[in-house]
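Both complexes below contain chain A, partnered by chain B and then by chain C.
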Partner chain A sequence: MPYAAPASADELVKGLWRENPVFVQVLGMCPTLAVSNTALNALAMGLATTFVLVLSNAVVSLIRNFVPKQVRITTFILVIATFVTCVDYVIQALRLDLHRALGAFISLIVVNCIILGRAESFASKNPVVPAVFDGLGMGLGFTFALLCLGSLREVLGAGRLFGVAVLPAAFEPWVVMALPSGGFFTLALWLLLFSALKRRREAAA
Partner chain B sequence: MNDQSLSTIFVSACLTNNFVLAYFLGICPFLGVSGKMQTAGRMGAAVTFVMLVASLCAYGINALLLAIGAPYLRLICFIAVIASTVQLVEMFIKKVSPALFRSLGVFLPLITTNCTILAVALFQTNKGYDLLQCLVYAFSAGLGFTLAITLIAGLREKLALADTPEVVRGTALTLVLAGILSIAFMGFAGLGG
Partner chain C sequence: MSSAWPLYRAMVGVGLLCGGLIVTVFELTKPVIARNQAEALQAAVFQVLPGVASSRAFRYADPDGFRPLEPGAPADETVVHAGYDASGAFVGVAVEASGMGYQDVIRLLYGYSPVQQRIVGLRVLESKETPGLGDKIQSDAAFAENFDSLDAQLDAASAALAHSIVAVKHGAKTQPWQIDGITGATISSNAVANALNRSVSAWAPRIQAHAAQLQEAR
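This part shows the complex of A and B:
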């Protein structure tokens, strides 16, 4: 990919669609599947991850010239862990119910491969401004993907969206969608859609 | 303090609440290294080992942090310990079996970011297990991971020979398999708590 003058807008859009971390790169599967049982959980998780992603990208980009190559992964992980601890305590203070619903998955943002992946492959090689936009784009792309899964699972599994009933009462909820296996099936469906779209575009080109 | 019996912990972590199929932890290696049964089994063994060591260290660290009143450092300390354990395992495998080292490839250092391990450390702290319970918990979680990844690798080996439509090949197919396997594991729900 030619990277002569990365425009900030391009960094942003790239993460949202063309290089969407979940649907195209297939990264960060664990939180994607685990907290996408309702749209609200999905949104909260997506925003928390975006926050950590933007800040860690910024810090990693700032310190990229001072960190010896051998210890860079450890350094990145420690930077990420610091921000995750902040997010964990903030959510606990603001919305205790949400903190309970997401459970250990807030702490587990540390091991979300998207964040370390962006730190290693983008932020450690680029100046602060593109790195921040890259983090923001990837984070929003992740949030978008989580929302796609979360809303589909909530609508089919409970007949609701963000807790509001959207389907007629006669609709029999598909319990399987709210269960773990539903997460696997829903993600498989979205991936199928994306790979079908990709094939169509390639066939047209 | 938690007074669950060791056998309950074992059944729960290994089958009922299988880390991969019920908690969605460790999905990345689960999708990435599950192409061949042999590699999958060895990956499972490596993860189980790291888990045991990490669980032991996490227990000690947690006690220490509580003693000095700094529980907010927990996450950072846990991840540092896990990263160094993985480094150790990596050097060990490279020395003992270069072939295995190559077949695991990038997924070996990525054990650091395997959420199952950090999750074991965090869950055992949340549940207030004592040392022996922690070790049993870590061992059975690792065994559960190995079981899930070996099962799916077996299924994928069979499916590689089948004539599937081109568009579903790859991740989508594996995810559908995982979903079906997850339904099968729900059958264990009656066992243990």
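This part shows the complex of A and C:
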């Protein structure tokens, strides 16, 4: 193993927190805003993206010395689109209702800039083991961010979490939170929190 | 050898591998997806025909009318699902319709009651309409209410609809055969109305003419 465990662990952790794709890099906003209306949709979208990210990072890393520079984006997109199509079929086979809920957004994982971004900036320059850990970390970081938004929006917008009622019946759901505008409000709150944390860290340093 | 060779080698090589992978996954998941879709269709039949306890598929062919669908035969656009209540009485027919939406084909299932000459329920089976706008055809409660009781009366000759089913602007519905559309989703609302109108125009006369076959063939 050319890479010691701590290096790989670092690739994993950086995506989760320090370089979180949504909260720090502010990438992949389209699915983040659109599919975070319930916690279950957010979790499914996050895991589907993680799956694609890990596999595409692995394959891109394996073929990185075989693909000429001029056609690398074409080839990466081809690899990504292949795994997205596979995920699409697998979700249809597992849960048809979930497939209906995620709708067009599954196919749109292809154009999620996090995936092409990691393929281009990391996997195409690194061996397969760190590339897989990078994909896993970024994917889980994306899932974490989607869950942050999805749980908050579902609790406030419907009084439920993963479909289970968590607030007293007297609570009047804020329907706006389940609508697209609620996605922007929630994202703004989380971004505010992350930038406040960053400032405090910088002030302390 | 030209310098283009490595480009072709990389793209064709990756393309072949990717194609092979997609075909493999497609073949592996195909039977499971088909089973899921059949189950979802069954559940949808019960939803679009209120009060139905059992259903049976029939195939239509000119000029004989309806014949029970042979088990295992593919359900294509000539197949309808007759629904019966708990006592075994014929309630109505669930029919699949499809039409071009804004993004892709929209597939619908609607319930038609030959006795009342009405649409009694509708469900969107598949749509890829714009999230937040067109996809309201499957999530908007007010839009769904249109189809709880939508007039589909035949004309005097029982050959065509007395009034075409049309979508109107939201809030402008005045007649029982009009569909109150969704604001911001005009194309999707019209697509549902057109698909429904075309399908009911074709099926209602057939179902009226051969209703006895659907009632007896239990």
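FYI, the second predicted complex is superposed on the first by the 199 of 205 C-alpha atoms of A that agree within 3 Å, B and C clash if a C-alpha of one lies under 4 Å from a C-alpha of the other, contacts with A are read in each partner's own complex, and residues count from 1 in each chain.
We adopt the following convention: a contact is a pair of C-beta atoms (placed from the backbone, for glycine too) under 8 Å apart; a residue touches a chain by one contact, two chains touch by 3 or more.
Note that the structure is predicted; figures quoted are calculated from it, not measured.
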- Mind checking the superposed model to see whether chain B and chain C fit together on chain A or clash? clash
- Task: In the overlay, answer first, second, both or neither for which of chain B and chain C A:34 touches.
- Result: both
- Given the touch rule stated above, what does A:89 touch, chain B (first), chain C (second), both, or neither? both
- For A:110, select first, second, both or neither according to whether it touches chain B, chain C, the two together, or no partner. first
- Tell me which partner A:67 touches in the superposition: chain B (first), chain C (second), both or neither. second
- Task: Could you look at A:181 and tell me whether it touches chain B, chain C, both or neither (first, second, both, neither)?
- Result: first
- Message: Between chain B and chain C, whom does A:191 touch in the aligned arrangement: first, second, both, or neither?
- Response: first
- Scan A:75 for contacts with chain B and chain C and give back first, second, both or neither. second
- Message: I'd like to know which partner A:129 touches here: chain B for first, chain C for second, both or neither.
- Response: neither
- Residue contacts on chain A - larger count, chain B or chain C: B
- Thinking only about the overlay and not a real complex, which stretch of chain C clashes with chain B: 97-105, 115-123 or 151-159? 97-105
- Query: In the superposed view, which residues of chain A touch chain B and also chain C?
  - Reply: 34, 74, 78, 81-82, 85, 89, 104, 179-180
- Item | chain A to chain B touching residues, read off their complex | 26-27, 29-31, 33-34, 73-74, 77-78, 81-82, 84-85, 88-89, 104, 107-108, 110-113, 116, 176, 179-185, 187-188, 191-192, 195-196, 199
- Item | In the complex with chain C, residue positions of chain A that touch it | 34, 63, 66-68, 70-71, 74-75, 78-79, 81-82, 85-86, 89-90, 92-93, 96-97, 100, 103-105, 179-180
- Listed in rising order, chain B residues that touch chain A in their complex are 21-28, 31, 72, 75-76, 79-80, 83, 109-110, 112-115, 118-119, 122-123, 126, 167-168, 170-173, 175-176, 178-180, 182-183, 186
- Item | Touching residues (chain side chain C, partner chain A) in the complex | 6-7, 10-11, 13-15, 18, 21-22, 25-26, 29, 32-33, 36-37, 39-40, 103, 126-128, 131-132, 135, 138
